[in-house]
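The two complexes that follow have subunit A in common; it is paired with subunit B in the first and with subunit C in the second.
What follows is the complex of A and B.
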């Protein structure tokens, strides 16, 4: 047996004498409490304050991106049209404002907000929102708005900003709040409905690298 | 009774975590010594931190389990394990359907580590 193997075997035997079979880390009481519902009053207020209302162009993804940017950087001194024109000029955004996930990533990056494009599913949404990150998802507009009781003739891929999760007493995410510039409304949506909505979208979502919402 | 603030709880948690880390480093140092002259060998501090980080992946919760993970990491490092062996150890430590103890035991078997019986 080599010296290294002998040392490892001896150390293996010495574990019992030196370490207990008890948890090395106890529950972090304030952390556990915070994880049950990380969304505080300031977060909820900011989620409403950043919402611009109804979009004027075909720029749902840009307006969602702008909310993220303004939440991080503060209110931008430019109109919706100016923001869109800048995005068209600097990223591969369509002339009418249409933008995919990579375009949105590019636009946010222009204002110094780094993000990644992830698979759009409940697990990833939950993790990102719990961390206070900015999350933009897409869904079929007819399906999404139909859930809000608004009927439309034809669905199109539509981007919205998810501002925060809704949690039950055990800390499970039971829904999310949606900032939807397509219909100019903010609304809650159950996790089940969100799962359905995500499946109708492009399958991709934008998640900021850093938290954008207040921790209180 | 005095109310303990969130900040005080956090400080207590931090102190406890630091204390366990220090004991783990001391244990590795005692058992294996401090590597000198070989940049490929990781320090006891490095091993302890890696073990603490990897513990979540394995599902290891107890002091003893984390200490055993540290030993596995030392063994892999000291043997300058080949990629295949490292992959086998990692696979054993993350195998689905096994308890943390079973995973650790399986990884130890890969490396030929067994408890010395006096």
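What follows is the complex of A and C.
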């Protein structure tokens, strides 16, 4: 073995001794910063149970709001059409169900769910999901669905409900789960894709004042 | 808005500032379409203009947006980024001139759609920074012309709304006119 190879082996040995043994003798990961995954089995089940499937009107934002309301208040005894008609009557929702963040805030308030309208960015999404709050964001539908391998003729801003974050071992949010009534699907999305999707949207998102998802 | 931002981000910043206005957040619904920002200029000033309109889709949410003029128009002054909203007859405010041929919008990979949009935003920012799309002759014509050509080349691929192509005919016609007038030797 050459001197250089011996030196390299010694260096690797030091690395192995200090960082790669089990349990590691050195701080190979920032264990102190690791956070418990806040999303439990019941949380995931509720996020699936509240999902209504495919929307029937141009009411993506209302259907996202309805999921939040039903998660808080329980199943509403009304159809998608009735929920939309009530929203049109009480908030400034378009007659075909078109809404914006302020409209969604108004609609949820009608059912006693208070929320704020915040800047739509990863930091705010992460903070809200980590706290178990309801989060509704918008993104260009062509981009959003294209990320899922679904093509569409063209995109328009489209509202979806984010139900929970996906976290790595260090507690960093690496993705989110999306309840999307536009295509009637629930799917995961990476944080990088979400960051791009948020830039294509309307710039604002709804966050409930209180947690709506169970902590277990 | 910080007008000292790098030129590649000026249009992106302007569009974000537009979305942050009360008008945008109160009058515009999530489902409304938004046109690409297009350069418009006269003998004194240059703006970028964004049109917003109600999407009337046929065939459900995945259907096509019916072609109709934008009914809200946002005018953003270059380089101050002062924002003006025009909520009147969109045919008057939006640079739409009937009779010009509608350009065709190529199909794009959806995953790349945003990359194409960002490329266009950056190209437009660079072109404005270099003095393109102005009545004045740019200080460095070759640089301005190269940037202007990049704007022209990236314009249609960046547009996600095929049915809105007629409304892009006028700004594209003007961009072509600027390039023809200033870039013959460059």
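Assume the second predicted complex is superposed on the first by the 181 of 216 C-alpha atoms of A that agree within 3 Å, B and C clash if a C-alpha of one lies under 4 Å from a C-alpha of the other, contacts with A are read in each partner's own complex, and residues count from 1 in each chain.
Criterion: contacts are C-beta pairs under 8 Å (C-beta built on N, C-alpha and C of every residue); 3 or more make two chains touch, one makes a residue touch a chain.
The shown structure was predicted, so the numbers you read here are calculated from the model rather than taken from an experiment.
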In the three-chain superposition, say which chain, subunit B or subunit C, touches more residues of subunit A. C
Which partner does A:142 reach: the first (subunit B), the second (subunit C), both, or neither? second
Touch test for A:98: subunit B only (first), subunit C only (second), both, or neither? second
Touching residues (chain side subunit B, partner subunit A) in the complex: 6, 9-10, 13, 16-17, 20, 23, 27-28, 31-32, 55, 61-68, 71, 74-75, 78-79, 108, 111-117
So in the complex, which bits of subunit A are touching subunit B? 4-5, 7-16, 18-26, 28-31
Sites on subunit C touched by subunit A in the complex: 16, 19-20, 24-26, 28-34, 54-55, 57, 61-65, 109-111, 113-114, 117, 160-163
Interface with subunit C, subunit A side, in the complex: residues 55, 58, 60-61, 92-94, 98-103, 117, 119, 138, 140-143, 145-147, 151-159, 182-183, 196, 199-204
